[in-house]
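Got some structures for you, see below.
There are two complexes below, and they share chain A, which is joined by chain B in the first and by chain C in the second.
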Partner chain A sequence: MGTAVNQSFKEKTNKVLGITPEDARLTKSYLFVAFAALLLGGVLGLLQGLNRAGLLELPSWLNYYQVLTAHGLLLVLVLTAFFTVGYFYAVLSHNLGGLLPKVRKMAWIGFGMKLVGFVLAVISVILNEASVMYTFYPPMAASPIFYYGLVFIVLGVWMCAFGAFIQVANWRKNNKGKHVPILSFFATGVFVLLFFGSIPVTIEVLVIIPWAHGWVETINVMVSRTLFWAFGHTLVNIWYLTAVSAWYVVVPKLIGGRRFSDTLTRVVIILLVILNIPGGFHHQIIDPGIAESVKFLHVFMSLAIGFPSLMTAYAMFSVFEKTARKRGGKGLFSWFKKLPWGDVRFLAPMIAMIAFIPGGAGGIVQSTNQLNQVVHNTMWVVGHFHLTVGTTVVLTFFGISYWLVPYLSKRVLTPAINKLGVATTLIWTAGMIFMSGAMHWVGVLGSPRRTSYTTYGDNATALSWDPYLMFLAVGGTLLMIGVLMQVYAVVHLMFFAPKGDTEFPIAEVEDHAAKTPYWTERWGVIIVIMLIVIAMGYVIPLVEMIMNAPPGSPPYKTW
Partner chain B sequence: MKMHLDEKIWLIISFGMIMGFMAFTGYQTFVLGMGPPSNMETIDPQKVDVTAPFDNPGVYEIGENEYEVVMTLEIFSFNPGEIEVPAGSTVHFTMTSKDVTHGFQVAGTNLNAMVMPGHIQKISQKFDEPGEYLVLCNEYCGAGHQHMATTITVK
Partner chain C sequence: MKNQFIYGFLLLIFLALPPVANLLESIMIVHMHMQMPLLVIAGFLMAGLIQQRLPQFFKRWNHNGVPGILLFSIIMVYWMIPRLMDEALTVQSVELFKYISLPFLAGVPLRDSWQKIRPSFKNVIISCFSILFFAMGWLYITWPEQLCNNYLLIEQITLGWGFLTMAVCMVIYLIYNTLVDPSDYEEPSELSLEEA
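Right after this comes the complex of A and B.
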């Protein structure tokens, strides 16, 4: 009882005084690493764009595939992982009465482990010992140091996941019968996915390490690849779920509205957690060794993930319309004008959501078997994830940074930085339209991904792709400008903006909202259902791959 | 859980759309035989050169206007390269990799398959239009990946 009183007292002080300096320092450090990775990864991305357009020849000591591997690691692992963990730890601190000292320590240990892991991985890439891309498909074998780096990263992530579980469990113990606040509910979903989703890739890496050392002669190529994608696609949806949390909870507050039905929000989170992991199979639609019937089952499992996203689309536009009409918006569409378009905290996530309409549609298209065969491993796929991750997720993260960073540094967003943010958002959008648009188009024509500039001996078909590839350089340059502006804004808000109080924007539910049923809090049941769905997706193909395995492959270094 | 009528309609349309995609995919796969390349045979990836049929890669006429191409992929080439077939012929590709994972893609067609060590992959295509088709590797396979290409000439 004593702790319960203590707890709610702490929650109240937290609300009044804002985040404690210790918790703020933790998230600021995570965000600092995330945006440093954006800067570095952005530069590498520009180098690739220029090379792919045939405008820039890279030196032999830093070749295209090294640049590409590092670009992927920095942006899809460092940027997203550090942002996600930093953001949700700020959420847990704000929602649940400050981080427990033990939990904060775990997050710092996780921070250190991930950093060590990334340094190990990046060093082996720079030494040209690991030009294997972030997918590191065996039987290409990098230096063992690269895989040790990955182990550290995973352990660091687990540290953060367990920290979050302890924090949430502690709150639940002290607040029996209450619903976990909505953003912390999102955090729980994300960390459940992070933990369970990274188990397959951990198994893969632990099998690879003795093989990369030469202690074991061969490896099962197919099983490795399958375990990778069980993780890889889950990761995609972890970023997405993080972005979605801001759409449901933060954006309505920023536009002066209420959030959508609490029950439906929680149902969307639960569905994304349950349905996610088997979705990875749609990366293997044209692989050998997986039967057509199994692939058909996985079309269903992949498309099912689209359903909660379609629920989200409705929810978002419903909130926008309701809020805009309350502010005097009229007509079928002209209420749109009543939304605060000049506020970067709204504009960035709004464009992010709009980008997810073609992004999600493209995803549904390429999950279907026959259409996948047309675009698999072409530039289309690169265009797809620059639209989904590079625009939907990243622009939402940008939007979050304009209130989260000043909230942490106890500063304020000035009108000047807001204007800069609006400009950044528009430049980013233009850059992505050029780059992602051209990538989609040239991909349908057949131009492959992950390939440095080539004309295949002046082949006429390959030469006809060159004009489209030029847009990669144009888009890439715009995006680089956007990166510089965004990083400037984050540094300014973190260290130089005027002191003041910034609110952590969390929208309330509607006044007469129905009560959320308590079953949504039963994570034990949710996790069991998730494991059953994973088993439905993976047991048959994995047993087939292991029982009918061909003799394995020795390691190759082909770069 | 209270839901508005328009939300119910939206969700029913969403669900219907997903089911529609499923139905089309299933129909194309199981009725029209357009399923993605999914051959289940395996091979010892270190003994490709001495295992039939890959001990003799090449183009074989197996029927009227029907050819089989037995192909091995390795860094950074296709064997056989520079294939020629008459217009209107159906070509069945039987492929495997001698080293790392490669991709087999022919620009301007729906030919696209992963070719992995230890697995035999099969895919077919009817070539109606005469011309030179670019064959390329679309899975990163090493330093010379951007040079891994050949052509199919349809006369």
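Right after this comes the complex of A and C.
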């Protein structure tokens, strides 16, 4: 009982005084690394875009595939992982009465391990020993150092995941029978996915290491790819779930509304956790060696993930309409005008959500066998994930940064920086419309992804792609301007903005909301169901791939 | 309850549609580990209304839950015999028996009994099934010949691994149940509400 009183006292002081300096330093460090990665990854992205459009010849010591691998690693792994962990640790600190000293230490150890891992990986990329793309699956083999780096990254992530579990379990012990606050519930879901999703890729990497050293001669490529995508697709949904947490909880507060049903929100999280990992199979939908019937059954598993997303879309627009009508919005659509479009904290995630409409539709196209055959391994796919990750997720992260960073540094968002943020969002949107739009289109025309600029001996079809690739370069340039503006805003808010208090925006539920059922807190049961679903998805194809395995592949260095 | 009955009944009808049944029965592991559990779930959903309509029947025959669990276990074990899978595919009456026995003789008694038996007895049941699943997994993986005429050896091995992974999931659940004391996290009222 004594601890419970202490805890709630600590929670209250935390709410009044804001985050403690120690917890703030932790999250600020994570965010700093994230946005540094954005800057570096952005520069590499621009180089790539210009090269791909035939406008820029890269020097001999820095080839297209090196740039591509580093761009992917920095943005897909570093930016997103560091932002997600930093953001959710701020959430845990704010929601649950400050981080426990033990948990904070674990997060710092995780930070260190991930940085060491990334440095190892990046060194081998710079030495041109690891141009294996961010998907790094065999038969392309990097130097073993690259894979050791990946092991450190995974261990760092696990450290952070277990820190979060300890923090949540401790809070629940001190607050018996209470629901974990909604953002911490999101954090729990994300860390559960991070932990279980990274187990397959760990197995993959541990099998690759002896092969990369040359201790074993061959490797089962199909199994490696399968294990990679069990992780890869989960990672995609981890970013997505992070973005969704801000949509459900933060955005309603910013527009002066209430949260949509608490039960529905928690059910969406639980469904995303349970259904996620087998979804990775749609990345292999035209891989050989997987029976048609298995692929057919997997279409259900993939499309099942779309269901909670549709629930989210409904919930969000319902909140918008309700809030706008309360503010005097009228008509079928004109209530849209009542939303605070001039506030970057709303505008950025709003555009992010809108971008997810075509983004999600494109995803459904890709998980359909026949349609996938048209766009597989073309620029379409690159366009798709620049829309989903590059716009939906990243713009939401940008939007979060305009209140999270000042909250951490005990500063305020000035109108000037808000204006800069609105401009950044608009430039980003325009850049993505050009770049992602061009990528989708040129992909349908057959232009392959992951290929340095070439005209294939002035082949007429290849030449017909050039105008679209020019749009790609224009879009990429706009995006680079957006990156510079965003990084400037983050640095300014972190170190130079005027001192003041910024609130951590968390919307309340409606006054007469129904009580959330308690089973939503039983993570043990949810995890067992998730494991059963994973087994349902993976036992059939994995047994087939292992029992009927081909001789395997030796390591290839194609660059 | 009425809605649940309708959902359960529709699920049963859906599973009985020839194209659905053909697809699910074409893969051994899907036949045993997806179609059969779905049939049990269909019965489980329908059980609520049946309990309401026939309270006396369940009171008289299943007052402490043990006969129901016994019936459920017999039916489940019966359908794990490889030969029965073959017969379900070739003999119409056996197929019909599958569609009746799994929902009504396994799903319905499971729901009625699960509310009546003590938590420790639930753990015993889950432990027994995990041991059985490990044994079946070992049998299907290591047996060098086809146990079912209708399915290839590779499908048999797949089913074996399916058994093993399910057994592992059940063991994880049991470990979680042993290590985590819900009263550390939940108010007694929540617990008793759930039990009720």
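The rule is simple: the second predicted complex is superposed on the first by the 559 of 559 C-alpha atoms of A that agree within 3 Å, B and C clash if a C-alpha of one lies under 4 Å from a C-alpha of the other, contacts with A are read in each partner's own complex, and residues count from 1 in each chain.
Here is the rule we go by: contacts are C-beta pairs under 8 Å (C-beta built on N, C-alpha and C of every residue); 3 or more make two chains touch, one makes a residue touch a chain.
A quick note: this is a predicted structure, and the numbers were derived from the prediction, not measured.
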item: Clash or fit (per the criteria above) of chain B with chain C on chain A; value: fit
item: Partner chain in contact with A:288 - chain B first, chain C second, else both or neither; value: first
item: Touched partner set for A:548, first chain B, second chain C, both or neither; value: both
item: Touching partner for A:55 - first (chain B), second (chain C), both, neither; value: neither
item: Degrees between the directions from chain A toward chain B and toward chain C, using C-alpha centres, nearest 10; value: 70
item: Which superposed partner A:310 touches (first chain B, second chain C, both, neither); value: first
item: First, second, both or neither for A:127, with chain B first and chain C second; value: neither
item: First (chain B), second (chain C), both or neither touched by A:300; value: first
item: Chain B and chain C, minimum CA distance [Å, superposed model]; value: 10
item: Overlap of the chain B and chain C footprints on chain A, listed as residue numbers; value: 548
item: Residues of chain C touching chain A in the complex; value: 23, 26-27, 29-30, 33-34, 154, 157-158, 161-162, 165-166, 168-169, 172-173, 176-177, 180, 184-187, 189-190, 193-194
item: Residues of chain B defined as touching chain A within the complex; value: 1-2, 7, 10-11, 14-15, 18, 21-22, 24-26, 28-30, 34-40, 42-47, 75, 99-101, 103, 105-108, 110, 112-121, 132-134, 136-143, 145-147, 149, 151
item: Chain B-facing residues of chain A, complex; value: 63-65, 131, 133, 137, 139-140, 220-222, 225, 261, 263-264, 284-292, 295-296, 299-300, 303-304, 306-307, 310-311, 314, 318, 364, 367-370, 372-374, 376-378, 445-454, 456-457, 459-462, 514, 517, 548-554, 556, 558-559
item: Of chain A, residues touching chain C in the complex; value: 169, 172-173, 176-177, 293-294, 297, 518-519, 521, 524-525, 527-528, 531-532, 535-536, 539-540, 542-544, 547-548
